[in-house]
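Labels A, B and C are assigned to the chains in the order they are written; within every chain, residues are numbered from 1.
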Amino acid sequence: MNLFVYTIIAGIMYGIFFGLVGMGLNIIFGVLKMINLAHGDFIMLGSFLAYWLYGFLGINPLVAVPIVAAVFFLLGLPLYYAFVPRLIKSKDPEMLSFILFFGLSQVMEALVVFFFGNNQRSIPSTAFGSAGFTIFGQRFPIAWLITCLVALGAFGFVYWYLQHTRMGRATRAVMANRDEALVSGIDVERISALVFCMGLVLASIAGIFSFFVIGASYPSMGAELTTVSFAIIVLGSLGDPLGTILGGLIYGVAVMFMQSYFSSWAEILPYVLLIAVMLFRPEGLVGKAARSA
Amino acid sequence: MFRLKSKFIFLSIAVLVFTAVTSFAAKPPKVITIGTLYASSGSFATSSTSQYRGLKFWVSQVNKEGGVFVKAFNKKIPVKLVAYDDQGQTGTAGMLYNQLITRDRVNMLVADFGSVLTSVAVPLAKVHKVLLFDPTGTAAKFFTPDNQFVVLCSLPTSGQWPYALADFLIQKKIPRIAIIYSSNDFNQSQAVTLHDRLVKAGINPVYYQAVPTSTSNYSVLLHGIEATKPDAVIEFGFVPNDIAFLEGLQSSGLKFKMVFTIFPGQQLQLIQKNVGPKALYYTYTYPTPPLLKYNDVNFGPTLDSFEQAYKETGKKVDFLVVAGYNTGLIIEKTLDAAKSFDQLEFRKALAGFSGKVKTLDGEFKIDASGAQVGEMLPVAQFVPQGADGLDMHIVYPANLKTGNEIYPAP
Amino acid sequence: MRRRYLQALSVIILVAVVFLLLPRFYSNQSFLFNLMLYLGLAEGVNIIYGFTGYLPFGYVGFFGAGAYGSAIAITFWHISPFVCVILGGMAAVATGIVLIPLLRLSGAYFAIANLAASQALYLIVANPTMEKITQGPYGIDLSSVYNADAGYYTMLAVLVFAMVVVAYIRNSDFGLSLLAIKEDRVTASLAGVNVVRARSIAWMLSAFVAGLCGGAFGWFTAVFYPSTVFSLDVSVFTIVFALFGGVGTLAGPLLGALLLYSMYNFIGISTPQYFQLFYGFLIIGLVLFLPDGVASILQKGKVYVP
């Protein structure tokens, strides 16, 4: 019983973090209808930047959040203008962007190996002190709580942006229908660039806290994270940022239950969930149809 | 037509005889070429490059002395290392082992680190009749009595690693034992051995579970283990698993009387850098050189003088450096003992000095299938030293003991 | 039409003769084997991606299914490894049949679902509970039937088969109907093409080729682990090779695999630290500047590429 309660609470916290992991991928998809196959590598890059800030400059991961966010926002702009407009004009944007971002992920991995080597890197969870906190009689590391609060903060920001700002309303219009938004005079290009950068920023923030939830970082961790992120956003709903949170929660609780009760099969779960949802409920658990044929 | 044919036959016989005669009276080669692979990227990169550095260091050391003594020619011959980067991919590794054997025609072949990258070399070596010096590929399936072309230089096959650990647990009469292992060849074979030995001694592990090798968060698993109320928790994994396990243990605040993991004894610096020294307090492990010191070395330098000499490379000595260097020493001894310069003679020479040679890496002793049986892995425990330092005591077996175990952990 | 068949035939014969003769002059059989392997796999990807537009990101799943299907048949039934390679191909086809529902997905969704399927298959094969059948994490040991020459010529036969299939599709009505589906599914079905049947056949042929390649690889390599034959790198290399050469033709993927795999070995090994970087930039450059591959340069110059 104790284990059961622990598993549920751990699953919820794990899930909130994975909602953040999927969020960046989903808002980019929502606006550009492109799958950023380098998403996991942006998370990896964010974690290495945080590691560097902590290890060499002694900057606490929480303080690192605005720094990393600013770096990734500025990184996003040139990337966007170098690739995306050209891709949108090409004859098969969906497929070609998929392959292009894959190439980008290879470049990023190679660069990180070049500068940091192949070893695992960690920020120890003691970066936030060694205190724990207790919910329902279960003790958890304080780093988990901080990670969850940051993730919830990020969700709040995305919600506020989409619902309560002018740019956000325009963004929702682009998500609903790009062509109509263009016709109605919205600066689609600017919104796309902004959202692309936001997507990278969210990924990098997930990267900062990945040490405390996923464990040590290493250059080739990106591919698996991209697949898991994709499973989560398909589970929630493609192109619906807030559905991502639900997808993350389901994923988190399911993984923790698998680990507790069928540990050797835990790894297969995201893949099976992904295929099952795509085949049987392609619109996701809360969304509208996104599958063709 | 007939004349032409007979002429052709005559000519080919002549060529054959000529080559036979020349190879019989083989002239000593100008250099002894040693071929090997290393992985600069991929999940084996850290270990593989260390092992490669160790071998490379041996080459530079013998060349300083004018080369390695080859008994078959009764003289010293310089050594040349031919090394390619397989990038941790088995397909590429297979291609490159073949390159070393068939194109570069190396005299001695040394495998890359670990079972996965060694696996493709084993059948190739057998078919081309080249002796494969295997530093760390410890899968039992490589070593069969019908294959004379592979020799495991540094460690016992992985199924034998937990022998001392099992004896230690049984002798201490620890009743409730939990075993969690990553599902791969290396870890599973250890878990199976330990489990079987414990059961035979009447101890039924209270928890015995495989987890995916990619597992990176052990929090829930640790709570599942705790629910079975174990005294000792044995975790078999690779370096990333050990890091994640120790970190999870540290942050969860759970305490067990005994915790064992494999790699702190081999990759202490890397693990300590990731989890901090406190996570290792009172943890048990398999100690290996340089943490484990063999005093009765009768071939090559002692650990201390090796560490002294290795300083010139500017890198730190870890176990895989020792393993790579040790492979060089075994090659050196082989060339020193083999009566003729021939792969099967090398193998005979190895069998001849098996059990008689002790290097900084321990006793070299192989069985009929080429598997290492001399080196064994003791059990050691880390204890705090000063504010945040670590010391290590070997606690089992008795003949290597350097301190008493602290059980249960405070 | 007949002339095109002859051109295709001469390409196939040329490739076959080259690989028959090369071992006499170049002794690194493993390199030649790997080269044939990637030529074969690139043609296999070509069947499904080049003619129907489905990008099989999990193509390695079929390769692994073939390697394991063949190895299991050898281990349990002790029949000729050559027959087992064909059984490996059948195992991949069986996998393909299970995955046919994925073809309902389009574009990147299909690619990701296929990727997930290949990883799921990998985790099933490698799971400790499968030890009695697949040896689980312990991997496969076929050294008792190891025969590098036989494996080599089997791979050559598989490669020829793959090229014949592509040559047929390229020059037949079946191929035309596949291309029609690629252009527009609805129009194709209105024009009387049985969309579901046609794409399923292409899918299974593509799976069969990968399975045969996997079987031959398993035999040639003899000792392997699940991670070896389910490595995502196999999918990635194959797709990049095929794209670089130019899909939808017979010669394009051959050219792509030949150029890039040779480069991978001869340049990549000398400066490996830049290799992944180089590969990544190559992919980006390809998409931006040459999305239809090397073959498209020739085609723009009005040269017919078989």
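A few remarks follow.
Everything that follows uses one rule, which is that a residue touches a chain if its C-beta (ideal position, glycine included) is under 8 Å from a C-beta of that chain, and two chains touch if they have at least 3 such contacts.
Note that the structure is a prediction, hence the values are computed from the model and not measured.
Contacts between chains leave no pair untouched here, as each chain touches all the others.
Interface comparison, A-C versus B-C: the higher number of contacting C-beta pairs is recorded for A-C.
Centre to centre, using the average C-alpha position, chain A and chain B are separated by 39 Å. Inter-chain centre distance (chain A to chain C, centres taken as mean C-alpha positions): 32 Å. Chain centres here are Cα means. That of chain B falls 36 Å from that of chain C. Residues of chain C in contact with at least two other chains: 123, 127-128, 273, 275-276.
With touch defined as above, residues shared between interfaces to two or more other chains in chain B number as follows: 40-41, 183, 210, 212. Contact of a single residue of chain A with at least two other chains is seen at positions 113, 264, 267. Note for the complex: chain C touches chain A at residues 53, 55, 101-109, 111-113, 115-117, 119-120, 123-124, 127-129, 185, 232, 236, 239, 243, 273-277, 279-284, 286-288, 291.
Within the complex formed with chain A, the chain B residues making contact are 40-43, 45-46, 180, 183, 209-212, 214-217, 219-221, 223-224, 227, 239-240, 243-244, 247, 250-253, 270, 273-276.
Here chain A touches chain C in the complex through residues 35, 83, 86-87, 90-92, 94-100, 102-111, 113-114, 223, 227, 230-231, 264-265, 267-268, 270-272, 274-275, 278-279, 282, 290-293, going by the rule given at the top.
Residues 2-3, 6-7, 10-11, 14, 113, 117-122, 124-126, 132, 139-141, 143, 212-216, 218, 220, 224, 256, 259-260, 263-264, 266-267 of chain A are the ones touching chain B in the complex.
Listing the residues of chain B that touch chain C in their complex gives 40-41, 84-85, 87, 89-92, 94-99, 102-103, 115-116, 119-120, 122-124, 126-127, 139, 141-142, 144, 147, 183-185, 188-189, 210, 212-213.
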